[in-house]
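Input: structures, listed below.
Presented sequentially are two complexes of subunit A, the first with subunit B as partner and the second with subunit C.
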Partner chain A sequence: MTAPAAVRPSRGGRGVLAGDVALPARPSRLAVRALSAAVVVVVVLAFWSVDIQWGRLSDLPSEVVRYLGLMFAAPEWSKLPEALWQTWRSVAMAWLGTVLGILVATPLSLLAARGHGPAPVRGALRLLFAVIRAVPEIIIAIVILSVTGLTPLTGALALAVNGIGTLGKWGYEAIEGIGPGPVEAVRAAGGSGTQVLRWGVWPQVLPAFGSFWLYRFEINVRSSAVLGLIGVGGIGDMLTSYTQYREWSTVGVLLIVVVVVTVAIDAASGALRRRIMEGARARAVQP
Partner chain B sequence: MSAVLPARPAAPRPAAVLPARPAGRWRVVVGWAVVLGITALTLVPGLGVEVDLGAVARSWRNGADKVVALLQPDWAFFPRTVAPLLETLQMAVIATAVAGAVSLPLSLWAARTTNPNRLLRGAVRAVLNVVRAVPDLLYASVLVAMVGVGALPGVLALVLFDVGIVVKLVSEQLEAADTGAIEAGLAAGGTQSRVNRAVVVPDMMPGFWTQLLYVLELNVRASSVLGLVGAGGMGLLIDAVRSFYRYDQLSLIILEILVVVLVLEAVSSAVRRRLV
Partner chain C sequence: MSAPLTSAAPAGTPAGAAAPWPVRLRDVVVRYPNGVVALDGVSLDIAAGEMVAVVGLSGSGKSSLIRTLNGLVPVTSGTVEVGGHDVTAARGRALRALRGEVGMIFQGFNLAGRATVLQNVLVGRVAHAPAWRTLLGAHTAADTAVAAEALDRVGMLDRAWHRAAHLSGGQQQRVAIARALAQQPRAVLADEPVASLDPPTAHGVMADLRRINRDLGITVLVNLHLLDLAREYGTRLIGLRAGQVVYDGSAADASDRVFEDIYGRSIRPDDVLGT
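And then the complex of A and B:
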């Protein structure tokens, strides 16, 4: 290990001599030290000030085992058909939310991209995307339900609004990251602004957009289960009520359904996304 | 493409020769048809999401009133939001710290380059895939039943949720990293665990911290709603305000979450720039 170090010249001549090996001087670590001290202080402060009786942790393991037994020892399989039906409603909510989000976010992300939208519009849209991303979708749903009531449509709309924030941001970042060649070519051939978008930008970003859409659908499937908590329907609604009735054998079935469906949709969508991105890369290599 | 351009401006313009359309366009058509089909299926009344525009038109006034209330935050409500907001931040910080401590070894176990044991690696990954599939609020609602109402179930739910994310992202980053240093360490006679400690851990730290910062942001956002199921933080307040239809107070809560998240985002992106 020492041989390569000896070859390396010491930086700035301030090397420390260890035997015949001149080690380079250590870079200043003051900033890193200050930062780690701040992190430690914040964490310790949080642990010290939070209102938690840590003693309750001691009976957590036995409680976990007890509840896992209640949930999974004898699952109430007779509730499975209803669980699957409610899951379909959640997935439908997620799908519709994704489609609506895509329809609104795609034109907005084109407007928010540098070089394609006017500067004031760009700034306003980026702020809008940031604001939407900062608000949890369950709060968006609470606001929307004053118009649409406690229906799955509320859930779909909340997911759509939330999707505008993420899809819009990923969208304009992807558009700003494309190669300038095709855009310049369309412009040089006399293309108008819309023609530049259609023939210079769109074919380049489509694979990335497709991958974002699928990823957003995965997120929405997860979130749609959570939105049931405020009563918009779907598997989350069922799960909340059976948790409140403390019918753990049914809750066990519902959790199994949620996990299986989520993992299956993630796997399918992940395979499709890899296919889209790698297929696109293989095509780009060919002249 | 070059076939379209004339070779010389002076020469008579040759007839434009368009390249053949790429084959396989039917796949695109089928893809769009499937998407449209599923979308139509989700809109069938009684089968999917019912879109009742009549109801929307009827309650439009109601919604407009709510939006007006949202636009006038009730500033007098601020003192009551301070303690829940602090609790939300405490939960987020504690959960991030615990999740960081737990996921450091787990990430090393879950990556191909740092754990050659296929069986152990597969087991860790399988468990984490299941852990990741359950949304944080569902963890919280089950944990509230187990350990009682308060910040503790919230912190536990966040830790579970975070470990799933951090281990996935960090282990993917480990697998994408150059294996040269690991091979050198193994060739010098180090055991895998010693190589991991001496070579991999210092190398992965910037990426690891980046993911922890990302998770801290997610936690602040998530812990502000965990209270809806009784798991502490702002959510409890959101639930109360919602059931009294005090949208002016809800508006103040949204504003506070917004400010905290945006400040945190700015700070963490500044720190991240220094790290990477």
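And then the complex of A and C:
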């Protein structure tokens, strides 16, 4: 599409716009270029270093079909009740881990937000969140294992610790993104730091926090199954055992249960999150 | 530091029963970290109970002036006193106590949209109630009564349980005025309180401010950029240009010529609100 002729800058100086306005010099885009180059290098290095054996790849489809047959041709439905019970234990583990994570992460994220916590504390907390996020749950669980043993509590604690890393980061980012107005209003009325957080910050971040909590619960439901691999109980534990015994027909049932439950929780939680965020937006849009 | 702050009037007495405060500035300079000098040697004496309109072009330093009065903007040099208390020297608890006596109203209302109207108005009690109460939202009956009376004064009592974000702009600004009133303030600062409202609503909000000044005797400083509003609602007019006071006199008598002097240019249609 071209602009209407009258709007185009006319070089002869006859039109409304004489076209003699020069844009200010464009800011340097060196950083963007350097970053793009770095991404390309990383991708190339990645392909090169994983040493892909392309030949093996051709066997994959037939193997997949064979195992699918073993698992789902005649699922061992008699194992369903136990599978459901173990799934329930996994979900409970996820739930407990989420709640514990929220309880610790929420005050920490308030302290870690720019403009609210003292600078040294802020730096230390951000580092802590980053370190926690860098360590996979399963490693955290193995460490905690030495204290609490092979129980679902270990799994819940591992999820909680890992949740502090993510919830803490999302939390302080959300707090730093809120409008300064209500915060300033509480400060102008003589509010202390805590009062500013309670009445200037909290009402603004609550929808976002609620959504983070649900999302973290979704993550924990998926992770709780994986944590079962190290034997802390739940559906993951059961899945490992039956895979080791090569009882594929039971493994099939377990996979069905895991997929159905995870998808159902994801969908329910996702719908709830959308409602929270859209509700918040719709309300904000109203005059 | 000057004399210690006495606490506000006992909760439950009519909003504004406390004696109003005068305001005094001496050679106030505000230089922001980026080097901009927003106030350049401002000295002013505002008597208790005055209604002052501060006018000036965008960037002339109106907001900076009003924000130095409650310490939201620190001064680079000079002194600011409200009610005889030195704002420039106050820190921490003392500064919060001072702010608790001075209400502030903003162009953008600055309400917590998801909180109820009543909760927003109770923010006006933060400096007067024990911290644990305000944190838990466990307000005393006396504080709630002050908030209710403040809402009643601006005609918003029936909206007490609505979410603030559900109100119109004019209604939100009324709630913000109620929040300031709930402080039982001795002075009220308003920074372009009607700049985002349509003309009839703007007059309604300005009339509310005038009533606060006339009925409760509270000192009111209001930043405006529309000359007809300044003339109609101010009793005293202060003109700022480039951080300096270039006019200080009666608002009603201020001719268009006066505004042209303050603005440093001729009056344009968008300098008046109209009706």
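Note that in this section the second predicted complex is superposed on the first by the 231 of 287 C-alpha atoms of A that agree within 3 Å, B and C clash if a C-alpha of one lies under 4 Å from a C-alpha of the other, contacts with A are read in each partner's own complex, and residues count from 1 in each chain.
What we mean here is this: a contact is a pair of C-beta atoms (placed from the backbone, for glycine too) under 8 Å apart; a residue touches a chain by one contact, two chains touch by 3 or more.
Just so you know, these numbers come straight off a predicted model, no measurement behind them.
Placing subunit B and subunit C on a common subunit A by superposition gives a clash between them.
More residues of subunit A lie in contact with B than with the other chain of the pair subunit B and subunit C.
Of the two partner chains placed by superposition, only subunit B is touched by A:A46; subunit C is not.
Once the two complexes are overlaid on the shared chain, A:A74 sits clear of subunit B and of subunit C alike. Looking at the shared chain after the overlay, A:Q195 reaches subunit C, while subunit B stays out of its contact range.
Of the two partner chains, subunit C is the only one touched by A:V186; subunit B is not. Touch criterion met: A:P203 reaches subunit C, while subunit B stays clear of it.
Annotation: subunit A residues 185 touch subunit B in one complex and subunit C in the other. Subunit A meets subunit C in the complex at residues 181-182, 184-192, 194-195, 198-200, 203-204, 206-207, 280, 283-284, 286-287. By the touch criterion given at the top, residues 70, 72, 96-104, 106, 108-115, 119, 123-124, 126-128, 131, 134-135, 163, 165-166, 168-169, 176, 179-180, 183 of subunit C touch subunit A in their complex. Chain contact summary for the complex, subunit B toward subunit A: residues 1, 35, 38-39, 41-43, 47-52, 55-56, 59-60, 62-63, 65-67, 70, 86-87, 89-91, 93-94, 97, 129-130, 133-138, 141-142, 145-148, 150-152, 155-156, 188, 221-222, 224-225, 228-229, 238, 242, 247, 250, 254, 257-258, 261-262, 265, 271, 274. On subunit A, the positions that touch subunit B within their shared complex are 1, 31, 35, 42-43, 46-47, 49-53, 56-57, 60, 63-64, 67, 88-89, 92-93, 95-96, 99, 130-131, 134-136, 138-139, 142-143, 146-149, 151-153, 155-156, 185, 222-223, 225-226, 229-230, 236, 239-240, 243, 246, 251, 255, 258-259, 262-263, 266.
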